[in-house]
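Each of the next two complexes has chain A plus one other chain: chain B in the first, chain C in the second.
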Partner chain A sequence: MKTRVWIIILSLAVLVCAVWWMLVSTPSYPSKIVGIYQNGSLVEKIDLNSVTGEREITLSGKFGKNTIFISHGHIEMKSAECPDKICVKHGALESSGTPIVCLPNKVVIKFESSSDGADAKTGAV
Partner chain B sequence: MDTIMTLTAYGSKSESAVKTAESEINRLDTLLSVQNKNSEIYRLNRDKTISASADTLNLLNRAIKIYNMTDGAFDITTEPLTRIWGFYSGLKNRVPSENEIADALKTVGAEHIRIDKNNITLDRNTSLDLGGIAKGYASARAAQILEENGIYSALISLGGNIRAVGSKPDGSDWSVAITDPDDNTQQVGTLSVSNTAVVTSGGYQRYFEENGQVYHHILNTDTGYPAKSGLKSVTVVSEDDTLADALSTGLFVMGLERASSLYSENNTLFGAVFVTDKNEVYITDNLKNSFSSQRSFEVIKI
Partner chain C sequence: MKTRNLILTAILTAFALVAFTIEAAIPPLTPIYGIKLGIANVFTLFALYALGTRYAAALLFLRIVLGSIFTGQTVAFIYSLTGGLLSFVLMVLLKRFFPLKQIWVLSALCAVTHNIGQLLAAVFMTSTVQIVCYLPVLLISGIISGAFTGLCAQLVYIRLKKWLENHLN
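Moving on to the complex of A and B:
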């Protein structure tokens, strides 16, 4: 009887430790940092995972306005007055390989490179 | 070309321009390949004489210039040597005998190539392999085609050869990571570049083991054996793709010391990042504003 109690207490202790360790060791959210650029210079850097609520950013370029929509974990070009609207058709930003680009208004929305987020890699073949 | 080719171009006419560039790369590959039976190089190696096209002549002349520049460290006459080591597809890797190596070495060297107007003639047992320079030539042409078609922002990757056309659409530099020779998933550092070629050579991708010894595919034409120059990889940065491609092999064979002295005479033509056998990283001083790394590195001054 006594042994069983001990076993239960021991396993509880192990469980508590495991939960505590998980809470401490895993970061609450992996960050998802995007950069918004116009004419090659940074307009704003945003961690999409720390966004609460909704937000819009409006930029003005040679061909009129670009409206960027941001919510938790999400960014897209909501509307644009550029002639081709390629930036709007792109939809949400999903991968680092395909940034949202508005060429007419020189706007780029992309994931910021982490240590290995380069555009290309060179190596021996 | 048995390599992966990716072209990313930004601009309204990018789709047709990318197609044109791709077909030019494929055309050059067919023309310059050692193994393709329809290539000019294949016919030259078989018949020992051809009347060559402008591209083949151009490239051969460039290759011979770089051969002289590197004191023979970059050499396009290595075909017989590469063959006895079995580094062509369909062959088995093996360590050749001393006699085989001695015989192959007799056929090696640019002095066995003669160019007279558009006729190229090789000595009896000499054969060419443009594998160390053709990709650079092809990426330069692809970049030229994109620019002629109004593409001012593109990235070409031709089996580890990178060519940046212009800068990124937002005007910033392209970032090119250099593969860690010890782990393909990691990087040594990154280079911020625009309008330039970045090419890496190293022995860590194509090699074989025999009796506990590792033999890689970059052969030293002085010894006939894989180059043992104390380097794991060399990355060359140059506006001249063809030079970058050939020099990455040439500098690898030369080793850090000789490569550094070549750099000091040609610091406006190229820059380089070296990874040594001891995992030290060296960069030439003209790259100090474009190279960044988590590792410590040394700067080679002129």
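Moving on to the complex of A and C:
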């Protein structure tokens, strides 16, 4: 076969693969599944993307009550009766940031690792 | 087995190892494992044309084993070996269909086979089928890098052909 034919075949293959790759890697919405833990055990698991409207969860611990505020794509510790209120000052939970922790009442709010295999794909090879 | 052939194989193996080690030291451009230039392939191709199948196979095997030891990537050894052997078999089988001016096409096909072999090994090793979604990227990178390394081998071999024929055999 002529060299020119090969060039055409290979460039076509590159093109097809590029289109294929674009189809495969269409951006999927990152899941925002958040877990709320108290004393190390799961209290509730919420997908922040599927939350409509606003909601509050109140947990009570040794040092009083913690109020968690949830709206679409957003979760924060609204108020706490513990002495330091570090969890309230933390603000909203960011996907790249640290989990919200209330040490006195042993409450932790953090992102759950997504279960759609995204981690397996990027981490395995 | 002629001494000159043996020495040339040894030198080419050393060259391939140096290229492989330097390339392994360069931080990867993409987070996807398996996308790289594969400069060491130039020497395998060159040996295949200049010295023949047996010497090229020896070079490839030594390069993969020693390269894994030198770079300390023992996990990559399995992937390298699977991809390397698969592409080498294809290289030997298809060699007769390609004239000297089309070594780069042969190399591109082999690089693609190499990446497919690597990916299959990865699927088998990690038992996650999802990795296959990297296939299109690996095919593109295989075609481009394979064509490039093939072109290198082709240009060098065509220039050295006369000299090789006089001094080997």
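The rule is simple: the second predicted complex is superposed on the first by the 82 of 125 C-alpha atoms of A that agree within 3 Å, B and C clash if a C-alpha of one lies under 4 Å from a C-alpha of the other, contacts with A are read in each partner's own complex, and residues count from 1 in each chain.
One rule holds in what follows: a contact is a pair of C-beta atoms (placed from the backbone, for glycine too) under 8 Å apart; a residue touches a chain by one contact, two chains touch by 3 or more.
Predicted model only: the values in this text are computed from it and were never measured.
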Next item on the list: Using the touch definition from the top, say if A:Phe111 reaches chain B (first), chain C (second), both or neither.
Entry: neither
Next item on the list: With both structures superposed, pick whichever of chain B and chain C touches the larger number of chain A residues.
Entry: B
Check: Taking the two structures together, which residues of chain A meet both chain B and chain C?
Finding: 117, 120-122, 124-125
Notebook entry, point to check: Contact residues on chain B for chain A in the complex?
Noted result: 3, 10-12, 155, 157, 159-162, 167-172, 174-179, 181, 184, 186-187, 190, 198-206, 233, 235, 294
Checklist line | Residues of chain A that touch chain C when the two form their complex | finding: 1, 3, 6, 10, 13-14, 17-18, 20-21, 24-25, 117, 120-122, 124-125
Next item on the list: Mind listing the chain C positions that touch chain A in their complex?
Entry: 31-34, 101-102, 105, 108, 122, 126, 128, 130-131, 133-134, 136-137, 139-140, 143-144, 147
Check: What does chain A use to touch chain B in their complex?
Finding: 37-41, 84, 99, 101, 103, 106-108, 113, 115-125
